[in-house]
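Next up, some structures in structure tokens.
Okay, so subunit A shows up in both of these, paired with subunit B first and subunit C after.
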Partner chain A sequence: MTLAARERRLGWGLVAPALLWTLAFFVLPFVAMLALSFARMEGREVVAGFDPGNYIRFFTDWTLFKALVTSLEITAVVTVVSLILAYPLAAIIAFRVPQRWQRLALLLAVLPFWTSYVVRSYSWLLVLGQNGVVNKTLLWAGLIAEPLEIAATRTATIIGFVHFFVMLLTLTIYANLIQLSPNYARAAQDLGAGRIATFIHVILPLTLPGVVTGAFLTFVLCIGDYITPQILGGNNELTLPQLIMLQLGRSGNFPLASALSVILMAVVTLAYAASARWLRLDRL
Partner chain B sequence: MHRPLTALALVVLASPGYAQELNALVWCDHTDPALIAPFEEKFGVKVNLKEYEGTAAGLTILDQSQPGDWDVLVIDAVDVRRAVEAGHLAELPADKLATADFFPELVMAENNTVNGKTYAVTEKFGYNTIAYDKTKVDPADMTDMATLTSGKYDGRIAIYDYYLPVLGLVALGQGTATADITADTLAALKEPLFALKKASKQVADVVSAQTALATGEVDIMVGGGEWVTAVLMADNPNLDWTIPRQGGLRWAQSIGVVAGSTQPDLALEFVNYITSPEGQARLATSSCYWGMPANAKTGDLLTPEQKATLRWDEQPGFLARAQLYPIPDAALDTAMQDLWTEMLQQ
Partner chain C sequence: MRALTWAYMAALYAFIFLPVAVLVTFSFQDGRLPVPPLQGVSLRWYETVLSDRNLMAALGNSLLVAVVSSTAALFLGFLAAHALARVRLPGSVLMRGLLIAPMTVSYLIIALGLLTVFNQTGIRLSLWTAGIGHVVINLPLCFAITYAAMGDQQRSAERAARDLGASDWQVLAHVSAPMLAPALAAAFFLSVTFSWDEFIIAFLLTRFDVTLPVEIWSMLRSGLSPATNAIGSLVFLVSVSLVIALELTIFRRAR
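Moving on to the complex of A and B:
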């Protein structure tokens, strides 16, 4: 056996566990879910077959399709708001905080990660409620006369999401910023660029992979999240994951739930395709 | 390398040496250690509990399990027949059950018995009706369901996120008995259901509803009852519930032995423990939610305060005014859930 053949064999041997894992726990379940999405319900029984009815129903029934629209709207707002908040935070940590304190600053930034996701969502419900901290503070300051209706609204869902994803984006953007040589900014300034021009034409393009990677992760995790809209949204509108859970928990309609899940995966795949050019997962 | 092994050995040695394990698919009220520990100690077994929500989810778990995986099932009394038809429940020896001590209305033979064979026994019941904070609303208003959509309480209502009891309540509000809900009568419920949603702040599951009532986010819960207010009473004694003049719904949960259980005798012992006065008293006041025990002899073991919270003395009147959940066939069930989904999207 030649050296090249031996190395190739060794390479396959090293990759095999990961490939098998992916095959067993992603590819096969996905194929099963895809097949189930073309089954149909007869009474309470699942009948196998090739019936595109679940997909046709989704795209023709506004009650179902609206869940995707709602999910996309919420995800878009969350991603943009989180980016706007996370970028300056990451920049401050990377460039303004002394290096010996950066680790602590990052630790503080991700501290909320340490609590349970469910507990954190319920905590937000208490904070945003009519008798919560936000309303009490605003009333005390005389800024409002009546408590604001924040809890059990889309705004509450977005706030809960943004709280979580600002932390995630801060980490991905910080990881990118910290790898930038200060010489880039110095060179730009030597050539007469001001701070804003340096940021727009030098720093931002160089950190775009981190930004897009963080935004993609935010998009994927946000659009697939069930807990936050369920707890904070007050069930006043359904997102796609909530609609899927409704089919699983209450209806037992696995074919429709599978079709909805396939559509959700298709949306995520489209998002990946749109951002693939800039994605740098190795920089995380 | 030795330390984890040593730690593992200590954990194993420190654990009680149970000879047997009993696997039960239950609702959250059964996970209270105060309920389960006495049975485990008496029989020297470990009871493994898995919570589920919604009959469809429970039956799916059983569908995907092997015979012998589960020994005991807790299920909505109105869904016992469905579980029997799916082959998930084993016949129980009727002569070994404590039903003679039950409130007569709670024997529910029409639900727990199929073709003359008993498959489950009622263990706990209560009401899906109107729960409220009596300091925030006029209690007199709560006796009439029409008040909820009159505009007086807009934005102060939570709807319990379970289509069967709420659609049942809406039907009662329209003068339709729960048993008379059909595909034809369902259409007439759309407008009042949507009107109720419009007047509401949120559609909430159990924990969210309790949180909303406890924090004053809402003052009324449609579909609530003692199961919502009892656990909050200590912190908020102003919470109350009533059955409006149009009527309310009675929920009931049953317990049975899963078909294919490899230890049916032990499973039956568990069923009998849960339906004994001792088990019933603990189940009625479980930490997850309270509810009336099916066994009338439990009254001797409950404190006066507990009985007052459960409104023990008012049960004859409540039972007379409450109807059972609708029991839809598959087609009607789908239509009801579609209507519910449409309501959520409004």
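Moving on to the complex of A and C:
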């Protein structure tokens, strides 16, 4: 056997276990789920077949379709608000905080990241609840007469999400800003641009790939999350992941849950296609 | 302008730390509800939590699943990264894409897909099935981190070892892996923290023995309680210690 052939055989041998694992536990399950999404429920029995009924039902039944609309609305607000809050914080850490303190400042900015995800949403319940810190403080200060109803609303879900994604985006945007050579800003200012003009025309465009990457990540994680809306959002409206879990739990309707999951994945794929031009997933 | 900058920074740090501060503060509540006013400082909720057999079993399960699944993910990911970085194979771009793909899919969908397959093949749900799910989400991470860390410098060392008569496995175990130690450790600990905190896969793919996030989830159903604060604070303490230890050892050396 030649050396090259021997090397190649070794290469296949090394890559095979990971490939087989991914095929068996990622690709195959997805195919099984796709097939199941075309099945039908008769009573409590799943009947296999090729029936697009679940998809037709989703697009014609407003109570189902509304979950997608709710999810998209929440995700859009969360992405925009998180970006607006995180960008200045990342810029302050990158440009105003002395170099030797930057790593510490960043580490502190993402420290609550390390609380358990479930517990983090629960903590917001303590802050926003009827007897929570915010209401007790406002009542005590005499600013309100009745406790505000924030918990169990969409606002609470959005606050919980924004908290998480501000941390994530501060990290990704900081990583982008710190790679910029200070010469760009210097050159712009030498050419007569003011601080604001420098930012809008030089710094912002240069960090756009990082911003889009962070926004895409926020979109994907936010629209697929079940925990935050389930703990903070109350029962008035459902997001798509909540609807999926409801199908699994209460009615055991696996075909419909599968179809909803395929739709969720299609939405994420569309978002990917829309932002692919600017995405730099390899630079995360 | 300067004052405004620092005020903004302070406001955002306050926002970021508010829930954690409230969580930890009211874990010491000497009363039945973890909301103001603070009625006194007590450690009794920590006692409750630490003597709760279900909770401690879940904690052990979580650690077990995290360590075993991360080890498996790292092993698979490292071998694949080594092969794709060193040997020219047909279709390598496609294989890289396939190995990374699970990263872009929601955990909920991965969990539901696996649940479908396990149901159809009659595999019983257990900590093992949750572990399988955790390997699926952590394998891309381990692969990407180790793949990115493989440079030409290692290639020369590997070639030298081979010229001196080392077998393929000896090269892997005694040259490649030690040279990549910081990246391997980073991938492993990142996987452990992801797996240890993962909820939806563990929720859908376990039955009788559950992991800690699932157990905490069922605690939430009985409403607000300082006991939840206490276990949350303990988890936070463990994670932060891990992060600080990593920061002081591996990442400091890597720089």
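Note that the second predicted complex is superposed on the first by the 261 of 284 C-alpha atoms of A that agree within 3 Å, B and C clash if a C-alpha of one lies under 4 Å from a C-alpha of the other, contacts with A are read in each partner's own complex, and residues count from 1 in each chain.
Here is the rule we use: a contact is a pair of C-beta atoms (placed from the backbone, for glycine too) under 8 Å apart; a residue touches a chain by one contact, two chains touch by 3 or more.
Note that this is a predicted model, so its numbers are computed, not measured.
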item	value
Superposed partners subunit B and subunit C on subunit A - clash or fit	clash
Which of subunit B and subunit C A:18 touches, first, second, both or neither	second
Partner touching more residues of subunit A, whether subunit B or subunit C	C
Subunit B versus subunit C as contact partner of A:48, first or second or both or neither	neither
Contacts of A:266 with subunit B and subunit C, given as first, second, both or neither	neither
Which of subunit B and subunit C A:122 touches, first, second, both or neither	both
Which of subunit B and subunit C A:144 touches, first, second, both or neither	neither
Partner chain(s) touched by A:276 [first = subunit B, second = subunit C, both, neither]	neither
Which superposed partner A:76 touches (first subunit B, second subunit C, both, neither)	neither
First (subunit B), second (subunit C), both or neither touched by A:67	first
Which superposed partner A:107 touches (first subunit B, second subunit C, both, neither)	second
Against subunit C, colliding segment of subunit B, chosen among 168-176, 204-212, 258-266 or 330-338	204-212
Doubly contacted residues of subunit A, that is, touched by subunit B and again by subunit C	122, 125-126, 129, 131-132, 231, 248, 254
Subunit C residues within the subunit A interface of the complex	5, 8-9, 12-13, 15-20, 22-23, 26, 33-37, 76-77, 79-80, 82-84, 86-89, 95, 98-99, 101-102, 104-110, 112-114, 116-117, 119-120, 132-133, 135-136, 139, 143, 168, 193, 197, 199-200, 204, 212-213, 216-217, 220, 224, 228-229, 231-232, 235-236, 239-240, 242-243, 247
Contact footprint of subunit B on subunit A as seen in their complex	41, 43-44, 63-64, 66-67, 122, 125-126, 129-132, 149, 151-152, 230-231, 234-238, 243, 246, 248-254
Contacting residues of subunit A [partner subunit C, same complex]	7-8, 10-15, 17-19, 21-23, 25-30, 32-33, 36, 85, 88-89, 92-93, 96, 107-109, 111-112, 114-120, 122-127, 129, 131-133, 136-137, 163, 166-167, 220, 223-224, 226-227, 231, 241, 244-245, 248, 254, 257-258, 261, 264-265, 268, 272
Parts of subunit B lying in touch with subunit A, wherever the complex brings them together	53-54, 56-57, 59-60, 82, 155, 161, 163, 201-205, 207-208, 211-212, 215-217, 329-331, 333-334, 337-338, 341-342, 344-345
